[in-house]
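Structures incoming, each one as structure tokens.
Both complexes below contain chain A, partnered by chain B and then by chain C.
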Partner chain A sequence: MLFTDKIRWAFRHSRRRFFESLLIVLTIGLGISVVVAILGLFSHVTQQQSAWMNDKHFRTVQLYSADSFRAHDGSPLKVVPMIEREKVDFTLDDLAELKNSLPEGLFVYIQENTMLRSKLLAGDESEVTISNISGSGGVEFGGSFSVTMQVSEEITEVTTEEIIEERPSSLTSFEDIFETHIAINQITSDFITFNELELESGTWFTDKDVDDGNKVIVLGSKLATQLFEDQDPIGKVVPLTSHTGVEYDFIVIGVVALIHDDLDESFSGMGFRSEDYSAYVPLTAVERSYFESDELTFHSISIGVSFEWDLGKAIEVIETEVNRYFGGAVVVSSSYASQKETEQMSKKIGLVIGLFASVGLVIATINILNLMLARVLTRTKSVGIMIALGGNSASIFSEFLLEAIILGLFGALLGIILSFGLAKILQLLVLISISIKLPQLLIGIGLGLVVSLLFGVYPAYQAAKINPVDALRIE
Partner chain B sequence: MIRLEKISKEYFMGEVEIKALDSVDLAIQRGEFISIMGPSGSGKSTMLHILGALDQPSSGCYYLEDVAITELSDQELSRIRNKHFGFIFQSYNLFNELTALENVTVPMMYAKFPKRERNELARTLLERVGMGHRVSHYPNQLSGGEQQRVAIARALANNPTLILADEPTGNLATDQGEEILRILSELNEQGTTVVIVTHDSKVAQSAKRLIQLRDGRIVNDAPIQKAIS
Partner chain C sequence: MLDNLRFTFRVMLRRPLRTLLTILQVGLGVWIVTIILSINFQANDRFDEWLTSYGEDLASIRISIIEEFEYGRSESIMSEFRLDDIELIKESSANVKSAFIFEQVYSADIIHGGIRYQLGGLGATTESFADAMNLQVLEGSFFTTTDVIDKNKVILISEVIKEQLFPDSSPIGQTLAVSTWSTDEFSDYEIIGVYKQVDPIMNMLLMESHVLIPLESHNPYHGSYYSEIYIKSLPGRVTDAVGDVRNLFAYRAQNDATVNPTYMSENITWMKESIRLVSLFLGGFAFIAIVISSIGILSIMLVSVVERTREIGIRRALGASKLSIIGQVINESIILSLIGAGLGILAAAVLEKYMIQDLIVSIFYMEILDGLGGLHPFAVLISLLLTVCVGALFGLYPAIRAAQMSPVDALKEGKI
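Right after this comes the complex of A and B.
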């Protein structure tokens, strides 16, 4: 028989038992749709993983004094007690030592952020002060962010909302701060290397500038325009007022190339502004806030992991080195563990749903196998006639199997269509993102094929075994 | 053309061994019209199945055009059934889901004829058995006689060496039965070899040679006139 004839033949038989065929297709379709949707979920999680793995924020590891650090491993149910330890304050010597002992591709730096008032923005009469906000703010992966407020010797984690609600009365809004203050990144040189900050003009400050505390400043692209409009900012003076009220004149030595040309000031109300509005100064150039001790010490050291490193491996190396150097008084904190945990959690959930769907699919397969066996029984005589007319066991086998495969493929097709619907529903109801692309679709079709083989082979084999003489005797 | 040498067929019914055919020798020449007669259980159906390569003998040799087909594989046997034999059954055995035309095309489908060619041929064959006006009818829309005529057309599909008819008139009214026998005689006159298995002596008489079976043995093999006398 020609292949086209076999297909036509299979369609005819399926059409003859239309309702039964429809049920089979529907059953397979439902099972496959769930599996494809779960694969889509996995794919989305994996995509997110590669996205954050390529995000410098996630590739930055922080070292904190163990005394103030509540270990966070991403598990929401585990309460980790504060560890009673002696406080470690990091010095520039620690930075240099770590820089020397860690292998290449790990960038060790200190970054502190502050907002400093500038006469260029505020004018002399400004009343606005925000001397009590400093420290390192960072975006956390949930979308909210936290700012470390130094109100007393203790460090308290607060959310944006809390800050807005409980902000000191002298502050009206973040908008006002941005009108009078410049976001200053106090950094050491590895920060620049790790973040690959390109200059539009001028030069970066050097390690020596950091050591000497030189009053030089590199401006963000938009800040440069804001301050000096069309003039060349290089060599210009930016007056800044420290938290203690001391006024400095910083000399502009460079302008960073535009980073986000698509972001504007609009989200400054959220407490953040594009990096293009900030400036960079040597870590030691500005006098520290009231709360710092006289010694030049820092809360944290950052280590940027370059892309040539596997993040997990790099963290291991860093932990070993940090433990060697600080002897357990310092913790290594990164988003890596919690991110991994979240990821594994969604994978586990997906796996469980997938398991249920698979069990469902297996049950469906067994049911369909039963239906197909019944089909073979009702067609025993037909098989006898087919053999009399020129069929043989191989052709009978392939004809029945083809029928099953066609049902399976239609099921897969329906499953794929349903999976898109399912993805939409899940997105709307539980905000789970699912990305169904070609690989998932191919797996869906493959699964349809496998299922159809599972329920098709045995009945086809039974059909092929039919003895024509016995079959023809059936009235 | 066909030679059976010492063909025996035994099978078991429960624990009882039944000898359906017992060392049968038979030769069939091209163009013959043979009736195989015998009471129930005489082995005539077994004989037909073995002749049509649907069943294998327990022992003995079956030669078709000097080819020992007892030695052939399942696949080769199916090709032989398809090319050399046309079957006609008592209960017509048409596919109910196919039209008359499509039923006739099935053997040609197995012979891998292209669709257009086999449809044309099937139409011609249906016209030849007087069913040219019923090509698009399904079996359940046809009378018994009409269904059997479609079955004859189907048996003729690949221009077979031999037509094997198993009680072809068994389910038909007398006039319809006579019509079927007339068609078979006509086909024989046009050169087709026909073997009819029947227990009806009237039907048997339409053939030219009569073989009588009893207990799996040929007890009589003679031209019709002699057999009657």
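Right after this comes the complex of A and C.
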């Protein structure tokens, strides 16, 4: 018998029991649609997660002085070793030393952030300085963020105690600060290399600029436009006023290429300003006015781990080196452990959701097994006649298997159509997005094939081993 | 009736594999439905319990500037409240039962027996806290108004801390050296009570405070100004109470600032909503699983009716009514479903510890639901009802088809 004939045969049998076949197709279709939709969801989530994990921010390791560093793990009571530890203040020498001793691909830098008021933005000489900003808050589902702020109107050299005692007299909102202040990143050169910051025009400052504390500034793309509009900003002067009221003139030497061209708003995400509105200056540019470079100390050193390194391995290398150099007085802090935990967590979630999602498909497979067995039973007599007339058991076997496969394939097709509908419903109801693409569709069809093949085999085998004598005897 | 049952069982046993597979089908469907419903019901029960015991009459007030952005909102909170304001609130509003200030100190150390410990958290608060939060004091007593005003160095510790530091003896009257913000300046506090760690949901407010001290007894961090005041209203009058307090402090909100409340019940409603979404999501799977297994029953009953055409014909010829044929088929369908349901519920009961507690609870970041477990009776009941309905409904069509067969044709067909 030709293969096409076999297929026609299988179709005829399915048609004869149209309603029953329809039900089989429907069950498989429903089962597969859920699995395909969930696979779509998984692929969407994994994509987002890997994008998140590959963010430079999560590949940065911080070094802190061990005496003040407290990891808060939420346990009610934790023994603190009572050893008196010396406070470590990091110097530029430490930075240079670590840079030399750590292998390629690990970028050692110091970064400090500050908000400095600029006359160019404020547009007047009104004398408001921020004396203390204490931030607290977290990002929640709805995307709210809160920060406590105290602002004083006097320009005095306030000490920390004075700030605490001081009564807040007025409040300036986020927007007010962003309108008058520039977010300044005080950095060393490895920060630029690690973050692969491209320039739109001009040049970056050099290691020598950092050592000498030269007052040069590289502007974010949108900040440059905001400050100088159409003019070429290179060579222009940006006046910045420090917390203590001292004014410095910084010379623009470069403009960073646009980072977020999709964010037109001046505020990104949770009310923070996008990087395109910030500026970069040599780490020591402000402080060098008062101190020699070897007197400057910093409270942390950052190490950026490039993508050629496995993060876990890199942290081991860094820890060994840091312990050798600082002798246990410095801790290495990273989000690696919590990242791993998150990863594990999402695997677990995937497992449970996958389990729940596949229950439908399992039920559908049991159904196809059940119904195919019933079909074999009803056709016992006709199979008996076929064998008696010289049909071999292999052709009987393949005939039943083919029937199952055809049903399975139709089921898979239906499943794929339904899965798109399901994705839409889930999107509307539970607000999650699902991306169903070719791989998921192929898996869906594959599943239909596998399921029908696997569970068509046993009934087909039953049919093939029918004894013609017994079968014909049945009245 | 008994004969009817026996007959049904005999029919089922005639095709043991088919019966088994059908039962398995239904069982799986029931299993998933029971588990998902259980989670949903239990979570809701728990939230309602919380709502009635803590949240309903609790709100907090702060003076802040709220700015809306395209992607979210930010709130700049001012520290505008003083300790005296508690009295002021109580005097000026008839709707307020009590008011308190609670300040969470994230990093605090204690010294006991020569060992220094880092605390999971320390709460500095005023005397009304215990009552407003239904805090259970197991030993000793909570601090009083005098303790707060005089800034007495007294301390209450949680059960957990007691277990670790004073496993055998009573801690009351003992001293603990406490330092806040992890400084090295310790001062001695006298232990005056032990309290039961509150339900984890109150972590929203209590965070992980394992000791409680009078508000200003340690170095005040924000001077003596606080950003938030909590009010507990008389039953059911929380909106009125909040309204009163907003009016009371309206004059302090300068520039763009406003007096803004947060109702505790909002948080719980929000959590309920997120549970509802998860249940809806998982419930979708359960629903589809049930639909598939219903179709399974429908198709297998159809097959079984067709197979038994001759048998049914004979019964009809011998005088069985259409109704009794329908009854017979539906009977079979319901019994199959019920056995499946029993199996599914049994499986759910056996696996629930693993399924509900370990997996579901921890994976959906709902640690607040810790300690949930067991099948919810409603979930079991609904699953059972659902199965009976499904069995009856999807047995109906095959049953009618069986009853409609004319006995003459049925006997003429004469196969099998």
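Everything below uses one rule, namely that the second predicted complex is superposed on the first by the 311 of 475 C-alpha atoms of A that agree within 3 Å, B and C clash if a C-alpha of one lies under 4 Å from a C-alpha of the other, contacts with A are read in each partner's own complex, and residues count from 1 in each chain.
FYI, a contact is a pair of C-beta atoms (placed from the backbone, for glycine too) under 8 Å apart; a residue touches a chain by one contact, two chains touch by 3 or more.
Note that the structure is a prediction, hence the values are computed from the model and not measured.
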| item | value |
| --- | --- |
| Touching partner for A:Asn392 - first (chain B), second (chain C), both, neither | first |
| First (chain B), second (chain C), both or neither touched by A:Asp212 | neither |
| When both partners are placed on the shared chain, which of chain B and chain C touches more of chain A | C |
| Partner chain in contact with A:Asp67 - chain B first, chain C second, else both or neither | neither |
| Partner chain(s) touched by A:Leu472 [first = chain B, second = chain C, both, neither] | first |
| First, second, both or neither for A:Arg12, with chain B first and chain C second | first |
| Which of chain B and chain C A:Glu319 touches, first, second, both or neither | neither |
| Which of chain B and chain C A:Lys381 touches, first, second, both or neither | both |
| Set intersection of chain A contacts, chain C complex versus chain B complex | 381, 475 |
| Residues of chain A touching chain B in the complex | 1-2, 4-5, 9, 12-13, 16, 381-382, 384-395, 468-469, 472, 475 |
| Sites on chain B touched by chain A in the complex | 49, 52, 54-55, 74-75, 77-79, 81-83, 87, 89, 91, 93, 95, 97-98, 106-107, 109-112, 114-115, 154, 158 |
| Chain C - residues contacting chain A, complex | 17-18, 21-22, 24-25, 28-29, 31-32, 36, 64-65, 67, 69-79, 106-107, 109, 115-120, 158, 160-161, 164-165, 182, 208, 210, 221-223, 225, 227, 254-257, 274, 277, 280-282, 284-286, 288-289, 291-293, 295-296, 298-300, 302-304, 306-307, 359-360, 362-364, 414-416 |
| Residue ranges of chain A touching chain C (in the complex, touch as defined) | 19-20, 23-24, 26-27, 30-31, 33-34, 68, 70, 72, 74-82, 141-150, 164-168, 170-171, 173-175, 265, 267-271, 345, 348-349, 351-353, 356-357, 359-360, 362-364, 366-367, 369-371, 373-374, 377-378, 381, 422, 425-426, 429-432, 474-475 |
